[in-house]
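Pasting the structures in now, so scroll down.
Next come two complexes, and both contain chain A; in the first it sits with chain B, in the second with chain C.
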Partner chain A sequence: MTALDRLTATWIITVSVVFPIAILFGILMRLNQANVLELSSLTFYSLMTAHGLLMVGIWFVMSMAGVSYLLQRYVNVQVWPATVGYVLTLVGVGLLLAAIFGGDLHTGWYFLYPLPFYARTSEWATLVFLLSLGSLGIGWFIWSLGLLVAILRRYPLTQALAWQHLLGKSTPETPPFILITTTTLLGLIPAFIAAVILLGLFLIQYASGATQDALLMKNLTFFFGHTLVNEMLYFGIATLYELFPALAGKQPYKTKPFVALAWNLVLVVVWTAYFHHLYMDFVQPTVVQYIGQLASWIAPIPAVAVTTFSVLGTVYRSGMKWWLAPTFFFAGVMFWIIGGLGAILDAIVANNFVLHNTLWVPAHFHTYNLLGNVLFSLGFITWFVREKSGDDGSRLYRPVTTLYLLGGVGFVLAFYIAGSLSVMRRVDKYPAFVSDGHLWALVGGLFALLVLAAVVPFVIYVLRRCWRVVFSA
Partner chain B sequence: MSQGTILMLFLIGAFIIAAVFWWFWQSSKTAAPVSAEPLRRWVFVGLVGFVGIFTALTLSRMPYFLYASETPARVIHVVGRQFAFALSERPIETDGDYAAALGQTLVLPLGQVVEFRVTSFDVNHGFALYAPNGRIVAQVQAMPGYINRLRWRFDQPGEYIAQCLEYCGAAHAGMQARFVVE
Partner chain C sequence: MLACSVFGLISAIPLWAQLNEGHYYLRKIPDVRLVLATGEQTTLYSLIRSHSILLTLFSARCGGLCSPYLLYLKQAIGTTPQGYAVVALSFDPRDRLEDVRATAQRLGFTDHSTWRWGLLLQEHVPRLLTALGYSVHYDSTRREFDHSIMLCVLDQRGNLLRRMEGFQDPVLVWDLVREARGEFVLSYPIPGTDVALRCFELDRETGHWRLSWGMALLLVPPISSFALAITLQLLIGLRRRR
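Take a look at the complex of A and B:
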């Protein structure tokens, strides 16, 4: 086993341990909203903050870990940037949990300014929280930069972006995996820069008390947060492009001009899509709102079009064998698109006027996370486990896929329905005028238990085999 | 579009997507050499058509210009602060103004344009108007340092609830104000 094998297995172990715990937090929240449990408001919002940050964190790093591993097929990947990323992630998460559960920090996952100065009971919690974000940010930045440098050593930038294919030439070849990984890494850089500025402004206020411009802070927050979550999905897609054709017994995908065009478009449009988080801030310049709706609609189209086409074309009359990995990828694409539909309906300003900050929002992002991006990562994990142990988990196949997908669909459906009934998100106890909230919280919570029932045996299966990779001679 | 229409559209769309994927899944059980080339065009044309139609239909219906050409019958000043809203016909600038306006129940006119000037004294809040039937009819953010103007015409009489819709701390769920439309 190589150092990269061990590091990848360590990532998988870490993520697999945190995942069921974070799901449990989610179920506790849903059962509290259903009035089945009685949590204090502080506990509820601490769980909510921890759940959101842990989930985004583990699936972001897992998608990066998958890409880092597969990248060695094409370029020389150094292990140290990823190792720095790992250590700083652990430090960051430790500080984060200290701030949340030790200092009662309960800002929600995107810590909208100036909430970190209010939603805590100990003053140090704000500082520890900011340090934690700094640690995560620096770790991920070094790691991403390491990957980018590794790619650029082998492919000049124009070639990594497949511009020769854009112009219709077929050589030299840029594999889709390199193209998507490069656009995603480049897309992340401005997001990290925004995060540094944001953090700096927070720290200035922490040290001097000078208040910041709330609109600027909100723009920075969502530019960072939206872009991060969006790019995490694209890492997942990169993994899919690399692994799926072989899983279906087909030739690797080639970068056609249309594919090159799609991902180059994504690189640019992704930065403006975040504007949809500020639709209800009427003081934001209106032209920006128009750009926001257009970008939110245009951003997913090319990626969805080429990916759907590739995946459906690969599956069609393939006679392929369906086991955990290809099933996860296939289902992931389907729910990514369905979640995208929920998202673009909400990204219409006129609809957002009545859906903004209702449960419609967690409805769609859980669709393309729990049932999309997470499945891409689970696809990678099961593929990795089979590579290293020879075991494809066939005994788990039916129960795990059935419970996970059934539970997931029921869980998100309860969010969609409640959202359309104007039940608000991020509320621990539903006021009497949205009493519909209780029933759907119960339904969602029960379906989520099915997901947990699928995840626990799956995680045990993965842990056992990855443990052996880490500690093999 | 009403919330119910949006849900229906979503469910229909999701069903179609799932049906397409199901069909391809089934097809994978037999093996045969095929060209998927015509499919690419089909997927692409479908998506572009969908986007074009929806953009054209919806871009004109922005809430920023609602009743922009009319003169509002009433102007209501709104200030959010953890964890209550103060609504008043007089500007709310000081803590004293805020305290005086708290807990008053305003009566707003039915069928006439009302302008809400919404801001916050501390963190971001959301100012969402729930109609007597329990559905959101309009909303805007309450941001410290900025005043968001929301114009609305109430077509349904009864008791309305302004509910905070931007998470603002532990007691966010109970952050409300009431007013009556008649």
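Take a look at the complex of A and C:
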């Protein structure tokens, strides 16, 4: 086993341990909203903050760990940046949990300014939270830079971005995996820079008491947060492009001009899509709102269209042997489309007036996360486990996929229905005028239990095998 | 004449020079006791039970701003509020119910069912004035009160939603009316001088705004990402050549 094998297995173990815990937090929240449990408001919002940050954090690092592992097929990947990333992630998560469960930090996952200064019971929680943000940001920045340098050593920037294919040339060839990884890394680095600026402004206020411009802080927060969650999805897609054709027994994908165009477009447009989070901020210049509307359409559509046709084309007449990995990848793409449509509907200004901050929002992002991006990473994990242990988890195939997909669909459907009934998000107990919320919370909570029932045996299966990879000679 | 000159003087006080409205936002106003011009004894909270209200305070014997201000409000919002109520209360300990009625009549409010006129119970006045941020100072030589002139919106739970001092553009008065009717009214704090990096700058003289460096800061991340990639590319090329 190589050092990268061990590091990847360590990532998988860490993520697999945290995943069921974070799901449990989610179920507790849903059962509280259904009035089955009686959590205090503080406990609810602390759980919500921990759940959101842990989920986004673990699936971001897992998607990046998958890409780091597969990148060695093309370039020489150094292990130290990823190791620094791992250590600083652990430190960051430790500090974060201390702030949330020790200092009652309950800002919600995107810690909108000025909440970190107020939504906590102990003052130290603000500083610890900011330090955790710093640790995570620096760790991931170094890791991303390490990957970018590894790519640029072999592929000049223009080639890594497949500009020769854009001009119609077929050589030198840029594999889709390199193209998507490069655009994603270049898209991600500004998000980290935005986080550094944000952190600096938070720290200035912490140290001097000088207030910040709330609009600027909100722009920076979503530049960071929205871009991060978008890009983690693209890492998942890169993994899919790399592994899926081989799983179907087909030739690797090639970078066609329209594929190159789609991903280059994504690179630029993804930075402005976050403006749709500020539709309700009427002081934001109107032109920016139009850009947000357009970017919200342009950012996902080319990537979704290209990926969907590629995947459907691959499966068609392939004689694919369906086991955990291809099923996860295939289902992930299909639900990505559904979640993406839900998101685009919400990102249309006129609809946003109705859907803003309703449960429609968690509905769409849980669709392309729980049933999309997470499945891409689970696809990678099962592929990795089979590579290292030879076991494809065939005994788990039917129960795990059935429970996970059935539970996941029911869980997000309960969010969609409640959202369309105007039940608001981020509320621990629903007021009487949205009493429908209780029923759908119960339905969602029960379906989420099915997801947990699928995840627990899957995690045990993965842990056993990855443990051996970490401690092998 | 007096009204005109006072109007000219006060309207020159720009909005930004007023108290920080955000400081009072959602402040719970105490449930003070009062007597309506009809003679009915009641409380502030019973007036807000059916509607949000626009509340203003006055002194019936004020020789300065009160009458022109009440007239100005009458002109701006009319005498028959719909979907909200207007309440004008005297804070002056010397005023009696007849004085309040006389003020209402002098200003053309013969029908008491339009605006609600009343007299605050003296021991409750200080609590209300403090909660509203309403300043009152008795000038013994003139034997008059120096005081603010102010209109505010209270919702049905007794929370202060908006607060505006002085004679402002009637459009702004209508913002308060719309707020009282439960409409969504845009409002935002006017930037202070303690914020270093802002998205906008406001010209305090003209009220015009322009984009500022805070917005430019949003360009830094993408530009530095490309700059970083190109620098890395050059460095790698340089090392390879060596």
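Here is the rule we use: the second predicted complex is superposed on the first by the 473 of 473 C-alpha atoms of A that agree within 3 Å, B and C clash if a C-alpha of one lies under 4 Å from a C-alpha of the other, contacts with A are read in each partner's own complex, and residues count from 1 in each chain.
Here, contacts are C-beta pairs under 8 Å (C-beta built on N, C-alpha and C of every residue); 3 or more make two chains touch, one makes a residue touch a chain.
None of these values were measured; they are calculated from a predicted model.
S.K.: Looking at the combined model built on chain A, do chain B and chain C fit side by side or clash?
M.R.: Clash: chain B and chain C overlap once superposed on chain A.
S.K.: Mind working out whether A:Asp213 is in touch with chain B, chain C, both or neither, as first, second, both or neither?
M.R.: Once the two structures are laid over each other on A, A:Asp213 reaches both partners.
S.K.: Please work out whether A:Leu115 is in contact with chain B alone, chain C alone, both, or neither, and reply first, second, both or neither.
M.R.: First partner only.
S.K.: Go through the superposed model and pick first if A:Ala191 touches only chain B, second if only chain C, both, or neither.
M.R.: second
S.K.: See if chain A has more residues touched by chain B or by chain C, and give me that chain.
M.R.: B
S.K.: After lining up the shared chain so the two structures overlap, which partner does A:Pro431 touch, if you call chain B first and chain C second: first, second, both or neither?
M.R.: first
S.K.: Pick one for A:Val283: touches chain B only (first), chain C only (second), both, or neither.
M.R.: Both partners, chain B and chain C.
S.K.: Quick one: which of 116-124, 134-142 or 152-160 on chain C sits on top of chain B after the fit?
M.R.: After superposing on chain A, the clashing stretch of chain C is 152-160.
S.K.: Same chain A residues contacting chain B and chain C, which ones?
M.R.: 213, 215, 282-283
S.K.: Okay, in this complex, where on chain A does chain B touch?
M.R.: 41-42, 45, 106, 108, 112-115, 118-119, 213-215, 218, 248, 258, 280-283, 286, 289-290, 293-294, 297-298, 301, 304-305, 308-309, 312-313, 315-320, 322, 330, 333-334, 337-338, 341-342, 344-345, 348-351, 353-358, 416-417, 419-422, 424-431, 433-434, 436
S.K.: Provide the residue numbers of chain C that touch chain A in the complex, in ascending order.
M.R.: 186, 188, 191-192, 194-200, 211, 214-215, 217-218, 220-222, 224-226, 228-230, 232-233, 236
S.K.: Mind pulling up the chain A residues that touch chain C in the complex?
M.R.: That would be residues 145, 148-149, 152-153, 156-157, 186-187, 189-191, 193-194, 197, 201, 204, 210-213, 215-216, 219-220, 223, 271, 282-285 of chain A.
S.K.: Spell out the residues on chain B that touch chain A in their complex, using ranges where they run on.
M.R.: 1-4, 6-7, 9-10, 13-14, 17-18, 20-21, 24-25, 27-34, 36, 39-40, 43-44, 47-48, 51, 54-55, 58-59, 61-64, 82, 122-124, 126, 128, 130, 134-141, 143-150, 161, 163, 165-174, 176
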